[in-house]
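Questions regarding the structure given below will be posed in turn.
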Amino acid sequence: MSSTDLSIELTGLGLENPIILAAGVLGTTGTSLKRMAGEGAGAVVTKSIGSEPKEGHPNPTMLKLDCGFLNAMGLPNPSYKDFRKELSIASEGGVPVIASVFGAHPDEFQEIILGLEGASAYELNVSCPHASGYGTVVGTDPVLVEEITRAAKRTTDVPVWVKLTPNVTDIVEIGEAASRGGADAVVAINTVRSMAIDIHSGYPILGNLYGGLSGPAVRPVAVKCVYDLYKALDIPVIGVGGIGSWQDAVEMMMAGASAVQVGSAVYDNVNIFSEITSGLSAYLKANDHCLDDITGLAHRKVEQ
Amino acid sequence: MRPVNAEITEIIRETPTIITLRTDIELDAAPGQFVMVWVRGLDEIPMALSHPGSITVQRVGEATEALSRLEVGDSIGIRGPFGNGFEVKGEGRGDGDGGGGGNGEEYGDEKGNKIMVIAGGVGGAPLLPLAQQAQSLGLDVTILIGARTADELLFEEYFSKCGAFSVATDDGSKGHHGFITGAMDQFNLAGFDQFYICGPELMMKSVLDILQAAGLEAMAQLSLHRYFKCGIGVCGACTIDPSGLRVCRDGPVFSGDLLIKSELGKYHRDATGKKIMF
Amino acid sequence: MSSTDLSIELTGLGLENPIILAAGVLGTTGTSLKRMAGEGAGAVVTKSIGSEPKEGHPNPTMLKLDCGFLNAMGLPNPSYKDFRKELSIASEGGVPVIASVFGAHPDEFQEIILGLEGASAYELNVSCPHASGYGTVVGTDPVLVEEITRAAKRTTDVPVWVKLTPNVTDIVEIGEAASRGGADAVVAINTVRSMAIDIHSGYPILGNLYGGLSGPAVRPVAVKCVYDLYKALDIPVIGVGGIGSWQDAVEMMMAGASAVQVGSAVYDNVNIFSEITSGLSAYLKANDHCLDDITGLAHRKVEQ
Amino acid sequence: MRPVNAEITEIIRETPTIITLRTDIELDAAPGQFVMVWVRGLDEIPMALSHPGSITVQRVGEATEALSRLEVGDSIGIRGPFGNGFEVKGEGRGDGDGGGGGNGEEYGDEKGNKIMVIAGGVGGAPLLPLAQQAQSLGLDVTILIGARTADELLFEEYFSKCGAFSVATDDGSKGHHGFITGAMDQFNLAGFDQFYICGPELMMKSVLDILQAAGLEAMAQLSLHRYFKCGIGVCGACTIDPSGLRVCRDGPVFSGDLLIKSELGKYHRDATGKKIMF
């Protein structure tokens, strides 16, 4: 493997590079996903898709803050029935297309996965409100996460990734549940519970009152989650949260990420994927490293 | 950015369905750029700036209805300006400032001086500052505005001061009787260097078809309307087929040759992302 | 009450203004605390004090990141036996001095509180590793938080505040436990679990490998916690996390904070207390508000 | 800021216990400012810059031991420069740049030209760039350096090129036999405009006592050593009594009149915050 080769095998999928478009960002339509593939993403994840059409929360749904972004989109999507066509258009981009799916219970995940056949892999977004639990989300309950993962694995032969929320006391417990359920990889992290209030009026700014923080502000949080998950799990960890440069990608990989996803940073530049891959490639070459050398390096340094 | 507080300082009743809200803020924006207008506790919607501190709102639903009920002294939240805005090309300016959805071709002294502004309904909101800027740059401006009926013609008085001026009304109550496309017949389109268009999507599509028939689609800049969520180019709600471009960030102004090959006039998407046919 | 009067009564303590120095920041010595009182803090919280001398973690212990600060001091302190003298020096500052105390179980808290008599109030830092629990901290266990709070209340007649960690699935559950235990107020939030890795070498930068995020990055997280706590509890909530301007203080108060604490922002300017109070005072005057008008305003707006 | 990677390019054996590590980075620092030196996986400690890209390290414990074992090509992490640095006052510079713990008094043409630099042991590290800068500004520089024994005199050669130069050794192996304070006797202290001092705390205290006896304490700038944790003025580990000032941020350089009323020479604090008497 030449040191500037960025291609990886991730849960059985071949990626030309490990920089992936994150779920919910420029992933509403097939052509938008195709465009991101053209901008150099090694794979693309769709907007999270559910079983019924959903308009999402009222606007404002997203805000740029000093140090990141706050959003509460509310999982808007046209349902898998309508998204199927978009998926096949996205595939024309020539990179793996991962369908992000969400639901409130195992059956719902199964229904959506079946309805979205043809994805290269499925990413289970377990951030949906817990049907029975009050105020909590599915992803905070290890039992449910394990069941959902197992159900998804039974439903499809392609890889299943589980996207984890950082809004738990112990993310490793949830990661382990996913792993027990048969997940091929975990993806960490989704956004961090947050809120902003308009001081001119006293109103919470988001239509949903509160939302999730992403971007630079959450990168140190994501690095810690990825570090802990890598240490505890035997399956690959895909790092996401605040990555906006090749340096950020390297840090996340050293924490243990086999690949990374980029979401909010498209704000600065949709060409961020090529930018990161070329920086990463130059870094590896200059240091005579390959990707395997840096994934999890922090753990090997600590053990020394 | 967080929303800036904008207090309503004046309310101008433009037509039976359209008002202009003047506020105490001034934004440094190019014509065609938009802001996200937050009606607190209700919704946030995109609006063009009809003036550095003003929006011009047509009542069509809940949020615009709420805006129409505001009084002087009330306030709204404003984020922006966002998007690219129209590119004004003329001898008066070689600096290319103002962004622009058009191609980056250079216009010589001979070209770019004669422009046509075509506004349908509230589409006049982003086009008024464009027409005013073009006039002040010494361009030869021709304006066509259309509406359902004479009462609904927006900014008639202001536009008429910016150059040659025609109107069309669907019901014939003023000017050309019929659609604005009919009013275009009286002009030698090939004599114009740039067309600036904003209005209902099917009207824009008809206008663009006419321009394409004359081989002029590349000389058109159109401001598109799509459902916006984030407004800042991240969520993907507003992307158009087949380019995948974001109306809120790569637009809302696009060149006609890009749009002629697009979903324009065929479909748009609702808040769920589902296609809605026109 | 004139609109520029910032004095408040907080859990029975009189404060000239609601801007308090946060625990662990410039609070190692009595004279440093006195200096912060002189810079305009309405009250000061000491470094967290334990039962035995502790050197803390090896350096690096703190790092400025793009959007905040990462620290893992490791609760260095000379033990209450040696800190007593500092406390009485701090009192010369003329503002309430709140002793932050930490321990692993109720008895330890009691011992320290008794050993640190003379504080205007005690702030229970329940971020100490759980003696019995593996890898978790006391503050993630509602039962223990309730017991510790109750024990503290039995030990002293002055107010007891409980400082909460955001690194839990549901901070309200912990806040309710503190409230049941008799807490006079809750303080939210402590730092957010985070990590940074040196991409030149692969080493985690902090001596402790990981640490806690503070500063602007965590403000939206803190605002959400304060909002939720205010909604659920009947006792005052003291907001802390990323406050560095009067606007930030107003936002936190609108979320529900009766007072705020300022930690990391002393980095920019130790005079931050006067800066915030004068901005706040001007804001209240301009809007003809008093502090009561803005505390919790976001809730009243939402209910409208 | 995160630590910058600094690769060792040269190792200079200054004395049996002191080495200088030259690195491939250059920091724009005032004399007396410090950096936090990260020995990865072990510790991070404060060090003065003896040159824009160099630190000069005395082996006293684990971290300095580890630094002493580094080889060319090894690397360390550097954060900084931090702290205020010495204020160099002289006719050559009226801009006041370089921070400074001293008071802000103006020095006229007559004053500020004659300075004394007093370095004990590794205290010479921050004082060498100070002496060199003072000399290049045309100041009249007198240097006193002291050490336990002749072998341990730091930067003797460099210092001797910066001005009038005397040494003192505890064991009399070179120069004045005895403490550096003894070597001060030969000078008319009142003839100096500023004193720059760094060395072991009790030595600094003795020097300051002498200056105070001569009423000159306000003309002294001393670089203090306290236990640093954060290094950036937030944690409070390094504050001094009774001012509550932070050595890492408000210092490490303080004026003598501030320090004479302080804990200097009485006690410092260990990593727990506990007072350790001298």
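Which chain is which? They are A, B, C and D, in the order written, and residues in each are numbered from 1.
Quick note on the criterion: a contact is a pair of C-beta atoms (placed from the backbone, for glycine too) under 8 Å apart; a residue touches a chain by one contact, two chains touch by 3 or more.
Bear in mind that the values here come from a model prediction, so they are computed numbers and not experimental data.
*Asks:* What is the set of chains touching both subunit A and subunit D?
*Replies:* C
*Asks:* Centre-to-centre on C-alpha atoms, which chain is most distant from subunit A?
*Replies:* Most remote chain from subunit A, centroid-wise, comes out as D.
*Asks:* Quick check: how many Å separate the C-alpha centres of subunit C and subunit D?
*Replies:* 36
*Asks:* Nearest whole angstrom, what separates the Cα centre of subunit A from the Cα centre of subunit C?
*Replies:* Result: the chain centres lie 33 Å from each other.
*Asks:* Rounded to the nearest whole Å, what is the centre-to-centre distance of subunit B and subunit C, using the mean of the C-alpha atoms as each centre?
*Replies:* The computed centroid separation for subunit B versus subunit C comes out at 51 Å.
*Asks:* Take the average of all CA coordinates in subunit B, do the same for subunit D, and state the distance between these two points in whole angstrom.
*Replies:* 66
*Asks:* What residues in subunit D touch two or more of the other chains?
*Replies:* 40-41
*Asks:* Pull out every residue in subunit C that's touching 2 or more other chains.
*Replies:* 65, 196, 201, 203, 301-302
*Asks:* Along subunit C, where are the residues that touch subunit D in the complex?
*Replies:* 24-29, 31-36, 47, 53-56, 58-65, 69, 71, 73, 76-79, 82-83, 196, 198, 200-201, 203, 205, 207, 263-264, 266-267, 270
*Asks:* In the complex of these two chains, what residues of subunit C are touching subunit A?
*Replies:* Residues 65-68, 70, 135-136, 140, 167-170, 192-197, 199, 201-204, 209-210, 213, 216-218, 220-221, 223-224, 227, 247, 250-251, 254-255, 294, 297-298, 300-302 of subunit C touch subunit A in their complex.
*Asks:* Inside the complex, what are the residues of subunit B that reach subunit A?
*Replies:* Interface residues on the subunit B side: 1-3, 5, 36, 38, 40-45, 75, 77, 79, 228-237, 239-246, 269-275.
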